[in-house]
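In what follows, subunit A forms one complex with subunit B and a second complex with subunit C.
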Partner chain A sequence: MPQLQQVKNTHYPLGYWQKVTVLIWLIALLIIPFADIEIVNFDPLLELTLMAQGLMAPDFFATEYLFQAVIQTINFAIIGVCLGLVLGAPLALIYQHPIVSSCCAFFRAIHEIFWALLFLQIFGLSPMTGILAITIPFAATFARVFHDIINQSSDSPLESIDSRADIISRFTYGKIAQVLPQLMAYTRYRFECALRSSAVLGFIGMPTLGFYMETAFRQGNYNEGAALLIIFVTLIGTISYWCPPKLMMVYFIIACLTLVDIPAVDSSLLVRFISQDILPPALVNVGTFAEVQWASLTTWFTDLLVEQAIPGGIATITLALLALAATHVVTLNAHALASRQLWPTPLTWLGQLILLIGRSVPEYILAFIFLMLLGPSMLPAVIALAIHNGCVIAYLAVKQSNAIAPQQMQMSKFNQFNYHIMPNIYPNMMALLFYRFEIIVRETAVFGILGIMTLGFYIDSNFSEIRYSNALVLITCTALLNVAIDILSRRLLKFPKSSQTRC
Partner chain B sequence: MITIDKLNLHYDRTAGYNTGKKTGKNKASTQVIFDLSLTISEGEKVAIIGPSGAGKSSLLHHLYQTLQNRAALCSQRQGLVDNLSIYHNIFMGALARHHWLFNLVNLIRPFKQDLNNITALCQQLELDQPLTKKVDKLSGGQRQRVALARALYQQQDIFIGDEPFSALDPLMTSRLLESVLAQHNSVIMVMHDRELAMSAFDRVIALDKGRLVFDSKQQHVDQQQITKLFQTSAVA
Partner chain C sequence: MKALTKLIALCALTLSLFVSNNANATTFTFTAIPDEDESQLRTRFEKVALYLEKELGVEVKYIPVKSYSAAVTAFRNNQVQLAWFGGLSGVQARKLVPGSKAIAQGYEDQFFKSYFIAHYSTGLAMSDSFPDISQKTFTFGSKGSTSGRLMPQYYIEQHLEKKPQQAFKRVGFSGDHSRTIAQVQAGAYQVGAVNYKVWESALAAGKIDTNKVKVIWETPAYPDYQWTIRSGVNAQFGEGFADKVQAVLLNMNNPELLKSFPRSSFVNADNKDFEPVLTVAKKIGLID
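== the complex of A and B ==
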C-alpha cells in the first residue's frame, strides 16, 4: 500500500438531516428548564400493580351496552370517512386555488374534539355531532393529500391520449387510474384514524368506546378498562380483515341503518347559538352598529389574548416541541424493534404487535395511565404523544425498510442496518416526523381536557363555563397556530427535495 | 400535410434534471434541432434514422404537436397506466370517440363491442395474454405491443411512432410494421433498424446532431452513406 500523505484538521461538515436532528434536540434541551415536567407522584407502584392486575384479568362483560358502543364507534368512523371522501375528493381537484387550500388548512387545524364541542351546542349528543366532527377535518385532509398524490403521478399517459378526448375521460384514465391504489391505501389508513377519533369523541360524552374507557379508567375499574383497550386494539389491528375496501359501501348502508336515532334539531337553539351565544358579551343585545361599546369589546379581546391565548399557546408549543424530540427517540427505537433487517421474521411479529398497540391506544388513555404513574405535569402528555406518534412513524418506516434489498457485501446485520438501511430511510422518516408535528400540535388539544394547560384546556373550560365566544376566539387562535406551523415545517422540508441530500 | 421551415428546438434541461437552479435561464436549455426544414406530404411513409442524441424524438414530438388532431402517437415512454388491464390501456385510444359517461361505465364494466375489437387487435399484434391482466405484469415486448395497440386503436389517419418495435424480434417487427403501414395513410416513424427503414419506407431522412443530414427524396442514398453516418458519429 502506498504511503498516503498525512492531512491534519480535515473538516467534515454535518449533513442536512444531521443538522435538523441536532436542532430538534437543542431546542428541546433549551426549553426543558421552563417546562413543567417534574414527577409528582410518590407512590406510582400501587396504581401500576392495579393496572397490571387489570390487564392480566380483563373483564369483557363489565361494560353494559358494550356491543352498542363498538357499533357506534364504527358507525361514526365509516359515515365520517365516507362523507369526508364525498366532500374532500372534489376539493382535491381544485386544491391549487389559494382560497381552497387555506380554508382546508384552517378546517384541518381544528381538532375533532373542538368541532364536536361546537356541534354539541347545536345538536346535543346526537350522532350528527360525532359524524360532522369527523367529516369536516377529514374532508380537508383528504383534499390536501389526494391533491398531493395526484400531482405526483406521471404525465406520460396523458401524452398518448388523444387530445380531443374530454377532460373527464382523460383525467380518470390517465391520472386517477394510475394512483387509485395509493388513494385507496390512504383512505384505509384514514379509516383507522377515524376509528381512533371516533373513540376519542367518547371522552366528551359521545356514546363510543372512549366514553366507557374513560369512565372505567377514572373509576379505577382497570379490569374493564383493559378489556375495552384490548377490544379497541384488536378492532384496529384487524381492519383489513373485517373491512375490505369492496365492502365499504355495504358497511356505509349498514352504518346508516344502525345509527342511533337522530333527534330533530331544535332550530331555535341553532339561531340562539349563532345570534347570541357565540357573540362576545359586548355585542349581545346590540341592535345597531352605533350601540357597540368598542372599549369593552377591546378589553374583552385583550384580556382573552393575554390571560388565555398567549399562555395557552406557549404551553402548546412547549409541549409539542418536547414531544417532537421524544417522538424522534421512540421512532428510532421502535423502528429498530420491528425491522426485518435486524431480527429474524418471527421476532419482528412481536415488534409489530408492540407498534400496533402503541399506535392504536388513544393518546388520551396513554396520558391518563402516565398521569396516574407520574402525577400531574406535562410529562405524561409528552410521553403519550411520543409513544403514539413514534409508533405511527415507525410503522410506516418499517414498511419502507423491509422493502429495501440488502447490500451484496459481507457485513454484519447490525452494520448493514446502520450503513445501508438507516441512511436510506432517514430522510423519509424525518419528513414523516415533521408531518406528524402538525398532528402533534393538534393532539395537544386532547390533553387540555385532562388538565394540562394547553390551548385545549382553555377552550374546554370556556365551553364548560358557557363562554362560547371566548372558546371560538381560542379555537381560531389554535387553527392559526397550526397553519403557521404547517407552513414553517413545509419550508424546512422544501429544501432537501432531491434524494441526493446527504443524511 | 406538414411543412416546417427553419425549425429550432430547445430541450429544457430543468425538466430532465433537478440541477438547473444555479445556472441562468439561457444556460438551462440546450438546443437539439438546428434550422431544420422539411415537408411531408399526405400519404407518405417516412422513416427517421440517426445516431442516439441526434434529436429524432424531439423532432417527432414536435411533428405530433402540430398534427395532434389527426395523428396517433406511439411514444418511447409508452405512457401505460400500470394499474389498468391490457383492455383498458388499449381502450384509452378510443376515449375521444365516446362520451365521458360511456368511458366511466366502461372502466367498471367493459362494453362488448370494444371488447371484441380489442381482442381482434391483440390477435393481430400476436399479444396472447388475457385482456384482464394488469400491464405491470407484462414483459418489455408485451408492454410495447400494448402501447402500439393503443395507438392503432385511435384509428387515425397518421401514425407517429418513436421506435415502436425496439423490444421485439426482427421477424415480428417486420410483420407488425407491415400492418401499421397498411392501416395508416401516412406514417412517420423513428426507426432503430436501418435496413428495415430503407426497405419498408418510401422515404428515409437522417438526422445527426440536430441537423438534417440527408433525405432520400432529394438524393439517392445508399447503404454506405448510412453506415458512414453512424460511424463518424460513434468516433466523435
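== the complex of A and C ==
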C-alpha cells in the first residue's frame, strides 16, 4: 500500500525540451501585450473574392517574357549555389578559427535583398548583383554547415588509413568520403533555397519570376499572380526531376551561356560608392582629419540610432520571437499532417503538397495576402513567417520521422505517433526550429519592404531616400543583432553535440 | 531513366538558344515606370523604344525597373540616359547628376494633384478645407512617390503641424496607388493619399465602391512626372542630341504610345518647373 502511494506521488520533472518549449511560449505570451497585433479590417471580403477568383482562373499568358523569367530564376540560383560552394567549401576547413566563423556569421546575417540593394549601387541592374547577393550569404552558410557535418563525422576511418599517407589523402578518404552523401543532400536542399532567394530578388528589380509576381500582387492582377505562383511552386516541387545532381554541371554551363549579358563593371562606381556614398554626411567633402566635424557626426549617428535602429531593432526582435512561437505550432501540426506514421500513404501526398505550397510561396506574398485579410499590423508577418518556416521544418522532420520504425506493440496509430514517434523526433525538430530562428530574424527584413516597421523598413526607406550611409549603418546593426541572437541562443540552449540537424 | 535525363538536358540546351540578350555601349537606354498599370511593361515600352529609334536614328533600348529609387540609381550610374521620373525622383536624379535636364512633362503633370480618400466609417465627407484626420490610421503610397507620399506628407505637416508618425494613430506605406485604394476601401486604413489619375481610372473601371471609400480632400496643384535627360548625352551621341530627343518626345502623338504613360501629350519642361517639388522635399526632410 505505501508503495502504491509512492508511485502516485512521484513527481516528474519537466524534460529539457519541455522546458525549452515552455520558455518559448512564455516569452511569446509576455511580449503579446506590447506587440502590435491588432486586427483592423472592416470588409476584406471584396479583395478576398478577387484573390479567390484569381486563384480559380490563373492566367498563364498575362506575363510577358515569362519563359525568360523562369530561365533567369534558375540561372541565378544555379550560379549562386555553385559559386557559393566554391567559396564556402574551403572556408569550412578553417571555420573553427573565430575570425572566419564570426565573419561568416556576419555575412550570413544580411538578407539577400540587402546584399542586392548594396550591389545595385555598384553593378546596377546587372546579373552580377543578383548572383553575388546569393553567393555571399550562401557561401557563409555552406562554410558553417559543411564544417558541422565534417566535425560530426567519425574519426575511425582515419585510423585504418596508412599513417604514411599524406594529409590530403587522409582527409579526403578518411573524412570527406564518409560525409559526401550528406554534403550532396545539403547542397541539393540549398539549391531549393537559392531558387526562392532568386525569385525574391525579383522584388527589387532582378529579372526573375519575383519581378512579375510582385507587380501582379501589388497591382491586384490576381489571375496573373496566381499563375506565377503555380509555376513557381511547380518549379520547386519538381527539382528532383529536372535537376538531378548529375546534371548540375550541365545546368551550370547552360546557366552561364543563357545569363542576361553582364555589362562591363565601371570601377569608378565602386570607388564612388566607397569614397562617397557610404560615408556619413559629415565626412563627405572633408579633406583632412582635422576638418571633421565631430559634433555633427555624433548627432547624425545618435539620431540614426535613436530614431531608426533602436525602434527597428525592438520591432524586429518582437516579430521574430512571436514568429518563433507561431512556427512551433505550425511545425507540430504540419508534421502531423504529412506523417506516414499517422495517415495512409495516399493521404500523406496531400499533406506533402500542403507543405510544398507552404514552403515555396514567398513569405512576402503570404504576408501580402494576410495583410489584406487582417489589416496592417505585425500579425500578417507573424503568420507568414510561421507558415513558411513551419512548413520547411515539418518537411525536413517528416523525412526523418517516416524513417523511424514503428514499435511492435498493440497501440493505436495515434498513440504510436504521440508516444513513440514524437518523443523520438522532437529534439531534432527543436534543433531545426532554433536553427531556423536565425533565418526568421533575417527574414523579418523582407516585411520592412511591405511596411512593417522592422529594421528592414528603415533600411528600405534610406535606400529610397538615397542615404546609403544610413542604410549601411542599419544593415550592420541588423547583422550584429542577428549574430548576438545566434550566440545567445547557443549559450542558453547548449545543444547536444551529436544533433545533426540543419536547414 | 537515363534516356529521360538526356532528353531533359537536350531540351534545356535547345531552349537556351532562344534566350539571348545583347546590349551595346552606343545604345541609348531609357527607363520608365508609369503611375498606373505596370503590367506588360517591356511589351508596351519597347514600342516607345521603337518610335525613338526611328526618330533619333540611334539604337534605343528600354529597361524595366521596379521602383523610383532603382530608376534614380540606373540614371546616376549611366545605365540609362533618359528616364520618365516622378516629380521627386526627377529632382533626386538631377541633383545626383549635375547638368541633367528636365526636357518634357506630361500635359497633366503641369497641374497634378493628390486625393485624400477615407473609409465610410470615418464619417468624413468631401470638403474644401483640410479634413480633420488627426489620430486616424493613414496610408501613403510608395515611399518615393510624389503624389502618394511627398505632397500629401507636406500638406499634412502644414495643416496638422506634426510629423505623420505623431499626427496619426498608424502610418503605412502601401507601396502602390491601387493598393492604397484597396486598403482604404477594405477599412485596413481609415484614410489614404492617392494619385488623382489612378483614382479616376479605377473609378471609371468600376473598381471602386463609392459607398465604402470616397474622396474627402484634394491637394493644390503641383508639377509631377517628367522626362529627364542625362548630362553628357551630347558628347556620347552627337551635338544637339538632347534637343533632338526633346523634339521627338514633344512630337509623340500616337495615342497608343501615350497610353503607356498614360498622358494625353507631352509639353515643354524645365528644371525650374520642379523647384516647388525640391522645396517641399527639403522641408519634410526627404532631401538634405
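Keep in mind that, in the parts below, the second predicted complex is superposed on the first by the 483 of 503 C-alpha atoms of A that agree within 3 Å, B and C clash if a C-alpha of one lies under 4 Å from a C-alpha of the other, contacts with A are read in each partner's own complex, and residues count from 1 in each chain.
Everything that follows uses one rule, which is that contacts are C-beta pairs under 8 Å (C-beta built on N, C-alpha and C of every residue); 3 or more make two chains touch, one makes a residue touch a chain.
Values in this document were obtained by computation on a predicted structure and should not be read as measured data.
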*Is the arrangement of subunit B and subunit C around the shared subunit A a clash or a fit after superposition?*
fit
*Would you check which partner chain A:Lys246 touches, where first means subunit B only, second means subunit C only, and both and neither mean what they say?*
second
*Which partner does A:Tyr16 reach: the first (subunit B), the second (subunit C), both, or neither?*
neither
*More residues of subunit A are touched by which partner: subunit B or subunit C?*
C
*Please indicate which partner A:Asp460 is in contact with in the superposed arrangement: first for subunit B, second for subunit C, both, or neither.*
second
*Which holds for A:Asn221: it touches subunit B only (first), subunit C only (second), both, or neither?*
second
*Look across subunit B and subunit C in the superposition and give the shortest C-alpha distance you find, in Å.*
19
*Footprint of subunit C on subunit A - complex, ascending*: 40-44, 46-47, 62, 64-65, 67-68, 71, 120-121, 124-125, 203-205, 207, 211, 214-216, 218-221, 224, 241-242, 244, 246-247, 250-251, 254, 257-258, 260-261, 263, 266, 269, 281, 371-372, 375-376, 449-451, 460-461, 463-466
_Parts of subunit A lying in touch with subunit B, wherever the complex brings them together_ = 154, 156-166, 168-170, 172-174, 177-178, 180-181, 497-498
*Complex contacts: residues of subunit C adjacent to subunit A*: 5, 8-9, 12-13, 15-16, 18-23, 37-43, 63-70, 72-74, 77-79, 92, 96, 119, 121, 137, 139, 143-144, 170, 172-176, 178-179, 182-183, 185-189, 209, 212, 286-288
_Complex contact set, residues of subunit B against subunit A_ = 18, 68-69, 72-75, 77-84, 88, 91-93, 95-96, 98-100, 103-104, 107, 147, 150-151, 154, 156
